Amino acid sequence: MELQPVDNLPEGFTRGLNSDETSEEYFLNMGPQHPSTHGVLRLVLKLDGENVLEVVPHLGYVHRGIEKLAESQTYLQNIHLTDRLDYLSSHFNNLGYCLAMEQALDIGVPERGEYIRVMVCELQRIQSHLLWWGVTGMDLGAISTFLYGFKEREMITDIFEEICGARLTMNFFRPGGSFADVPDTFIPRVKKVIERMHVALDEYNTLLTDNIIFRERTRAIGILSREKALSYGCSGGVLRASGVSYDVRRNDPYSIYDRFDFGIPVGSVGGCFDRYRMKMEEMPQSLRILEQAVKDFPEGPYRSKEQSAYRLPQGSYYSQVETARGLLGTYIVAEGGAKPYRVKFRSPSFSNLSTLCEMAVGHKIADLVTILATLDFVVPDIDR
Amino acid sequence: MNQLPTEKIFPVHNSIGDLVRHLLPGSAEYVNGFLTIASLLLVVALLPVFLIWLERKVAAHFQARLGPMRVGYHGLLQSTADGLKLIFKEVLVPEGADRFVFFLAPILPASATFLVMTILPFDHHLQVADPAGGVLFALGISGLSILGILLAGWSSNNKYSLLGAMRSGAQMVSFEISLALIMLLIVMVTGTASLREIVLSQQGTILDWWIFKLPFLGFIAFMMYMISSTAELNRAPFDISEAESELTGGFATEYSGISFAMFFFAEFVNMFVSAGLAATFFLGGFLAPQFGIGPIDAAFDFIPGFVWFFCKTFLVIFLYMWFRWTFPRLRIDQLMYLEWKMLLPANLVLLMGAGFFLAMGWTL
Amino acid sequence: MKTRQVGDKESLFHFWGRYLQKVATGLVSLLSGMGVTIRYFVSPDKIITQQYPENRENLQMMARFRGHLAMIHDENNQHRCTGCGICEKACPNGTISVLTAKDLAGRKVLGRYIYRLSQCTLCNLCIESCPFGAISMGRDFELATYDRQQLTFILNKTQGGK
Amino acid sequence: MGVGGASGATEQVAEILDKFPGGIRLVDSIEYLVAWARANSLWPLVYGTACCAMEMMSAGSSRHDWARFGVEVARATPRQADLIVLAGTIVEKMGTNLVTLYEQMPAPKYVIAMGSCAISGGPFYYDTYSVIKGGDRLIPVDVYVPGCPPRPEALLYGIMELQEKIRKEGRRNPWKVGKVLETPFVDTHSLAKQEWLTQEEKKEDEQRLARARFKAENPDYKPAKPQRLAKEKFAAMPRIPPRKSGFTNPSLLAAVQRAFPEVALFRQPEITPATVADLGPEYILDLEIGPEQYPDLVRFLKEDQELGIDLLLQVTAVDWQDHFDVLVQLLSTRLGHKVFLRCPVSKEQPEINTISDIFRGAEWHEREVFDLFGIRFSGHPDMRRIFLLDDFPGYPLRKDFADPERVVKRPY
């Protein structure tokens, strides 16, 4: 089929429009404000009827220049900036940044501080997965799943509000531990969440996972092969769904994750249902970690010595954390002053989303929405 | 003086009928006609207001929340507030839209559902008109709402609404077939196409209702009727025409204010109508459920017929809402696969089964 | 469900068997899904809605809830702030302006403590850095206003020192 | 009542009706009814850019349930929405879209600015080149809900405030399109300080007299020493370095040196496996290579089966004032070791060839480096800016980037 090159192709499109008698192609703008783009991501689609031929994402609609801002704030002030990167895993972002600072200043964390970090991070992972599950259900049409997901999520938000006073942007961790100790109602609340989550997960599986409409909508959609996933630099559920068993908590353990035993779900085909299954099976594993952590939660100090001014010695420091969306790398270049010289956040959603153009070609608009839902990206984490 | 059909509706009408006949002897025919149409219009106006409130409360309780609470007791005035606000909204016509067709489109679904309301048998004599081919009339008129949605999609000069309209056109036309075949089954089994006779043919105990009468064909026919009528209404798992998460507003993307309100109200009246048809065909319309145990049957008989009709219709409406708040959405090609490859053959097998029963002459 | 390769001849019996089995499992999954939602419908005790305006009296914020910055005043309106400005330096967003004045004894005292809630991100760094524990987080959240200027508060009631 | 633009018409209607005996009461009752209806049925637009959108969603969820206020049917199309909640940061590129969204909404439309970003730019007030400092610089805002992010109850309180405002609408103050903030964006922090200092100067002279008098009266006045808060002291803890898996640095360096003899180590004068060993396990091998061998080294690292490096972490750059450094960070998912690779690029002619043919993921990373640093990647399939608008002046992440019109320098 010969393609007449249209001169004013929207930017980013390579193949020209082909409008002959078999197919009638047109461009559709899934604008920055769209219910299924999880924030302000703009997709320009080249469609032939309902089939997607080419997808060009446009980013930058919430690019706030966090990396430039981080260069003009002191190290301690940057911690609260990392909350606003991927606001659904703010504890992970804080932890990544604090780990890099601890590596530079050689600050240790007491036993109780490490346990608090692991438990709070695993709770944040479950909280983020719950919101993801709800929004995935809503994008596929089952609006009640959104409300059910939030029902359990509120229990975890209460725990966070009790330990650090904020519901979403926590700013709880400091280099050496956290800024305050967890109150003694922390452990009973975590126990309540664990047993409620076991019941809720069965409900979720009957409601969505085993539902035949959901199975048909996600079976063999958006297949991402192993090589492509690695070549695009995907991480987290997207990479594991394509068969690569890499999880920072086990392959490059930080904090005290090597003391807990938990499984890493690995997919086979790399389709939408595999990505969905990865996250659904990660939640019981996080619950297992929480159960082990609650069993032997130590007493003692919750943080190590607090320094008056944090001045990182000259050099570059890199730390990795497994957030709910994948591998978050924090790379700090320090020149010895009170403010970092350059801070770069390696965001998981950025690389995960770059595979969208490969996966969505040939599917329908409804499948594009399913792929977007199972990719589970957060736009400010992409645009930074 | 022979009883005018409308005078049998309510005794109170009789007094009005006498008064009118006394004052204007020649014009009784038209005044009573006007009265029935006015009362039906009142029902059609009040129904969506109540149904919207019911849908939001039922949805809320499905989702473990409370739904509208602050606008009147338990949010009863919520849908009146919505309606009043929509009336006073600025009506926008997108640039490049075809004005006449843009404003014609919302009228069609509303009028289509109102027309089908006229033949619904609310009670023994509470039926505005009882044409011999009632079933055909219902089928034919429901095609009008497809036209409304297609015109709306095309005329609002917006790619999303065009996509939504094309999808709903394909969906409603194809599910029209399985709806027609199920109605054909009922007509074949009852032998008549008039809705009132269909209801009367289900007299007797509860086992005489068509849902239970045919050994198990009736129940399968009822299930298939529910599937295809849900698709006909663009609701629940088949709401791909105004799919919230894919096409933002679907065919009604460019409609604001009163024109959107008409689509919104027509959708709910349409739901009541198709639930009413389901009650008429399968659940014995205005007949009270008789179990064969003396005192209960007598008590049920005492309750007037239209109360039973409304109960059964709201039971079916609850089913529709139950589907909507549980299932994810189907894709357009899966929808077509469901209709052409699953429902259509099942319908034909069902018809053959019913024909076999008739041929064998088993008592129906 | 065995995945079928395209083209291999499948007997009609197998096809119908797989077809009906898929319909059956499909219906069971749909009905069990409906079972979950009906359980929520019929049990109103599972409703978790907190009716905000109605439950205003017994709605208690958590102890550490960060609503807005407040300066601790004792009974005769004295506060512990010495106007040192550490919190102003610790704040990442320029929310706090510590304006100092000289009191009669010539000592630097707090004149006016401007707090711009419109810019504050409630990150708690100022409270951690204050050496005198003069400021703390207030716990009310009903702060919505009609115009932006009302979101700039002056936290200290009296000028510091004598 | 009536459409914003046609407020003149409502006045005429009012005069005509006032003359009728029941006229005023009739018009007032209709006004009350319509204002009640508008207040109780606010349909929000599905719009949320950043973190505040999460709190808006939990305001809509079962626990806080804004459906109780009639604010339930969140419409995705601006045509059917009459409330837009600015939940999240408004960025320059999104600003034009936000204004079009606001204009597409039918007449009586209301705006709630939720969160510090939408009120004043919040955490992105200083030193950001792309954030619009406050939503009311673009569209008129009715209610400001402070917080970062504000609690769902705070948003519900804001909605109740908005409902109060709508109920007061009527003939006397019909709905009108509000005003947009035109005042130039200025650094309020240093402004307040100057104002206060000038005010202090004025009081300075009679203050000096009072102080002299006070010193004369009680010369030995000793001001009370402010007692410091007793902060909890914690012991300094030794850090347990996490266990590193995969190849050790010396063996990695040896493998690379075999193929590329003139590879250097960043800021390490002499590179022998011994000196690398004592840099400790935590040190990630930081190679440095010239621009011509850069793609070959990346290809070698990827193809070499024994090393097993298969995941591209990121491609980024650092501006060292006199030259750029393009960084590539690679990771082996099988074995777990990481390798960093940097290639110096001159400032005058920032050009380097791309590695997006080796690692497809590098395509977006390189576009980001081009967007923020201005380093072009020759051979890149789609060399375009990824975040900023094409006509953005300059490259923001360079150290010498200055844009006084957009950026306010941090005063302290």
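Chains: A, B, C and D, in written order; residue numbering restarts at 1 for each.
The working rule: contacts are C-beta pairs under 8 Å (C-beta built on N, C-alpha and C of every residue); 3 or more make two chains touch, one makes a residue touch a chain.
Predicted model only: the values in this text are computed from it and were never measured.
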Exercise for the section: With contacts defined as at the top, give the pair, C-D or A-C, that has more of them. Expected result: C-D
Exercise for the section: Round to the nearest whole Å and give the separation of the Cα centres of chain A and chain D. Expected result: 18
Completion exercise
Cα centre of chain A to Cα centre of chain C, whole Å, reads 20
Practice task
Just give me the whole-number Å value for how far the CA centre of chain A lies from that of chain B.
Solution key: 45
Fill in the blank from the handout: Within chain A, the set of residues that touch 2 or more other chains is 34-35, 73, 80-81, 83, 144, 147, 151, 154, 169, 207-208, 211, 213
Practice task
List, in ascending order, every residue of chain D touching at least 2 other chains.
Solution key: 61-63, 65, 68, 76, 123, 126, 148, 151, 410
Fill in the blank from the handout: Among all residues of chain B, those touching at least two other chains are 62-66, 69-70, 244-245, 248, 325-327
Handout entry: Chain-level touch network, classified as line, ring, star, complete or other
Key = complete
Handout entry: Residues on chain B engaged by chain D in the complex (per definition of touch)
Key = 56, 60, 63-71, 75, 77-78, 80-85, 88-92, 244-245, 248-249, 252-257, 260
Handout entry: Contact footprint of chain C on chain A as seen in their complex
Key = 73, 76-78, 80-81, 83, 144, 151, 154, 158, 161-166, 169, 171, 179-180, 183, 203, 206-208, 210-213, 215
Problem - Touching residues (chain side chain C, partner chain B) in the complex - result: 23, 30, 33-34, 36-38, 40-41, 44, 46-49, 51, 53
Practice task
In the complex, go through chain D and note every residue touching chain C.
Solution key: 62-65, 68, 116, 119-123, 125-126, 134, 136, 142-148, 150-151, 153-154, 156-158, 160-161, 165, 181, 187-189, 192-193, 196, 200, 207, 210-211, 214-215, 221, 223, 226-229, 410-412
Handout entry: chain A-touching residues of chain C, taken from the complex the two chains share
Key = 22, 25-26, 29-30, 32-33, 35-37, 48, 62-66, 90-92, 121-125, 128, 137
